[in-house]
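Take a look at these structures.
Each of the two complexes below includes chain A, the first together with chain B, the second together with chain C.
What follows is the complex of A and B.
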């Protein structure tokens, strides 16, 4: 059979973001595949060296468009570690609310994204409607819908607006009421099950080989390796939640884990709203004009659990106005760049977009 | 003869206007299912007129000729379609088998043109469309042959008249298994999910349509609307007793098309092997059982 070269992206309904998957196919089977990133390469890491510590707050959310808040958290946490600073208690809880809302938003987008490769657009529209409600809440809290620039070194930029708890509770109640409906529409739908059951498996040994983290890992190795549990940051150690796991990682079990995480995130936000104390939300990094702030010499690896896995910033400071070097560990880098090349061959054209969706590939993270 | 041809062209035009309007209304219906507002009901007309007014890129004469062949073949097929008992352009030729053969001309024109574009995604789409056709046609033909055996005719208007004379007993109710098989096959014909494998935007970037734009795409949109008119009308005549007057025809047509659209909006898309497996497993079994019950046991509700 003649081998053909097909392109999934960069302009393709099945591709998420600014990257392309080049596939060599024989019939419907993929025999060779590789990711072609670099189409959103704006030199984030290099750019951070040329901006002051405060200026970087506006740059870093762009590293992952879908879930920008994890960048803010990893960066702010890293700066605070270098400064040896302890931020106000209330700020920790507000940060957790923001991070879990972002996790909900990303999981809903990924679950809705399942509708694109499988043709179930109703799921996509429903999920995006709910995501829009989260963006409305973000707008009220931060003034921005997508890039919030809200979690800053020293705490959060401003306190929660009056009455926002009511909006958050209303949304969470609504989402919880429709949770089973969501499952019936997507993961319990026979046509979707036919597409995602036993599709694009991720064996446990591959997880270790590639360095896959997050749901991809937890669904394969059956271990609660979640940074919120393993090395708790913010105040996750004071919150009661479980980590969904599975012992077999196919597209179905990964999607199932995401949906279970939605329930956990709802519980976490509710607990945060109850336990959140009154008080300050931000401490200044230093005296004088913020553009002249410096951070002590040193290096640190600041890491958070994103919706797609371990997301970290390795930051080096020489004591100057700017970071000396910043390295970003994108959560989807292993499965996006390496996984596609090594493990997409042997699957079918129909499954390529499912890999990108269920493994949570975010192409700007690979470019950064 | 001339009158018949003009009448036939009128039927094809009526089919185009009817299907395009109903498709527009259905975009609103599906939008409501999906928590959207949806476009105006006449959006499909605007899309087609806009495309026809644009300049086109060609990929050679096969590419261009195939589009004309597809549209011409489908208009030619629609000319034979009865609308009611009295509204028939060619009363002696409204035979089911004429539609089976003639509709292939338009489909092959489309396949030829898409393959002529040189895009591998179009070729994959064409192959998938032909494979899907092989899957749904077998059970559909078994059910239709059962109906022909029961009625003793293959004329659509006579089959419709048979159902009306038998106390308005539609074959959709009289042959319930066959009716369900007919509906599933119709979804395969019209290209609705879960049988939309040959379009599959996220996999093969809309398959056969991938290289089209401008006038060619506009003509293919018209061809698609008339094709759907033929297929849904076939179902109305075969399973829902046709219609005495044009209003009943439009109501039945709207009901069938809206039903398959709503079903389609809550299902995902099968893979091509799953489509074939599905049709060769359930509909074909149901069709054979229905034929056995209706013909050999003589049990017709």
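What follows is the complex of A and C.
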């Protein structure tokens, strides 16, 4: 049969963001595939070198569009590591609430995204409605819906508004009540099950070869390799939660892990709201005018567990007004570039979109 | 996973007894940084990999034009003994060549390709490292070098457009452009430390 060239994306319901998967197919089997990034390159790493430490707060959330808060957290944490400062206790808990809400919204979006490559859009509409509720909560807390610029070096920008607990609890209760319905719509639905069971496996041996982290890794190696457990940042060491794992990584078990993480995130937010102490939420990084704050010399690598895996900022300071170099390790770098090149060949065309969705490939953070 | 401070000490002792480090820097209880000469990078990374640091987290470079050097950074991680290790090595800036670590960490393939694109460092041994990845039809020096000026590049590359005030101000108010300009000069004054 003749070999044919096909593009999945950038305009495709199964493709997340502005990237394309370039596939060579024979019949409906993929022979060769690679990702074509670069349509969303905005030069953030260079841009960050040209702005002051405080200016950069407005720039970094744009690195990953669906989950901007991890960027803020990684950047803020990196600056605090360079300064060697300890932020107020309440700020840690507020950060965790924001991060877990962001994780919920990303997981819901990814789970809803499963509807588009499999052709069942009901799931997507439900998930997007719930994501919208989370965005409403974000709007009340931070003033912004998508890019919050809320987690800043030194704490969080301002305290939680009075009475926001009610909104959060109402949303969490609602989501928990409809959790089984969610499972029935997606992962228990025979139509979707037929598509996601035993497709695009990720064998445990190749996880290390690729460098995949996050749910993709945990569902393959069957160990609790989650940075929130292994290197607890913020106050994750004072919260009880479990990390969902599996011993066989196909699309189904990855989606299952995602849904179990939703339950854990709900649990974490509830605990944070109870355990949160009163007090300050922000400390200044230095004295004087904020545009002239400097940060001591050093090289640090600050990591956060995002919904797709290990998300890191490599930050170098030469003691000046601006960062000397900021390198972003996008969580979806390994599975997006090398994973597509090595493990899509041999699968079918329609599985490519499932890989992109269940492994969590986010093209803005690959391009930066 | 015992006490984490012991983890940093454990690996540092192990590394220092086998390799000659130029500098060691303990960032915190989960992170340590080793500066080593260019020739020993491969043997150090192999040594770390056999000791459990099996995940390559990040690979990139830093430009130091004053010293005429590039600094390569490899970050590896061990999930069983959670310590991030930065391995840093200096390269000559005039002829930046570093043999690829593809046989040790196959995941480095795209990181090296990106580093070549943004810094111009060559990685012989990585078959695809000179292919373009993100920047399409780039015709300048690699953009993350410090001597690359984005402003000058865009001035050269794209036609300059003048935005004139072509509206009539009826009430004799100051136009928004003028207010904006004044605000900008004020901000720049504050940033530079007040009027002089």
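We adopt the following convention: the second predicted complex is superposed on the first by the 368 of 368 C-alpha atoms of A that agree within 3 Å, B and C clash if a C-alpha of one lies under 4 Å from a C-alpha of the other, contacts with A are read in each partner's own complex, and residues count from 1 in each chain.
Convention: a contact is a pair of C-beta atoms (placed from the backbone, for glycine too) under 8 Å apart; a residue touches a chain by one contact, two chains touch by 3 or more.
These numbers were taken from a predicted model, which means no experiment stands behind them.
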{"item": "Chain B versus chain C as contact partner of A:337, first or second or both or neither", "value": "second"}
{"item": "Which superposed partner A:43 touches (first chain B, second chain C, both, neither)", "value": "second"}
{"item": "Partner chain in contact with A:298 - chain B first, chain C second, else both or neither", "value": "second"}
{"item": "Chain A: partner with more touched residues, chain B or chain C", "value": "C"}
{"item": "Chain B versus chain C as contact partner of A:28, first or second or both or neither", "value": "first"}
{"item": "Partner chain(s) touched by A:121 [first = chain B, second = chain C, both, neither]", "value": "first"}
{"item": "Touching partner for A:350 - first (chain B), second (chain C), both, neither", "value": "first"}
{"item": "Partner chain(s) touched by A:209 [first = chain B, second = chain C, both, neither]", "value": "second"}
{"item": "Contact residues common to both interfaces of chain A (with chain B and with chain C)", "value": "none"}
{"item": "Complex contacts: residues of chain C adjacent to chain A", "value": "1, 25, 27-28, 30-31, 33, 54-58, 60, 62-63, 73, 75, 77, 79, 82, 84, 86, 88, 105-107, 109-111, 118, 133-136, 143-144, 148, 150, 190-191, 193"}
{"item": "In the complex with chain C, residue positions of chain A that touch it", "value": "37-38, 41, 43, 45-46, 50, 81, 208-211, 213, 223, 225, 230-231, 289, 291-292, 298-301, 303, 310, 312, 314, 316, 324-325, 327, 329, 333-334, 337-338, 367"}
{"item": "In the complex with chain B, residue positions of chain A that touch it", "value": "4-6, 12-14, 28, 115-122, 125-126, 129, 185, 189, 191-192, 194-195, 348-350, 352-353"}
{"item": "Residue ranges of chain B in contact with chain A within the complex", "value": "33-36, 120-121, 124, 193-194, 196, 200-206, 265-272, 274"}
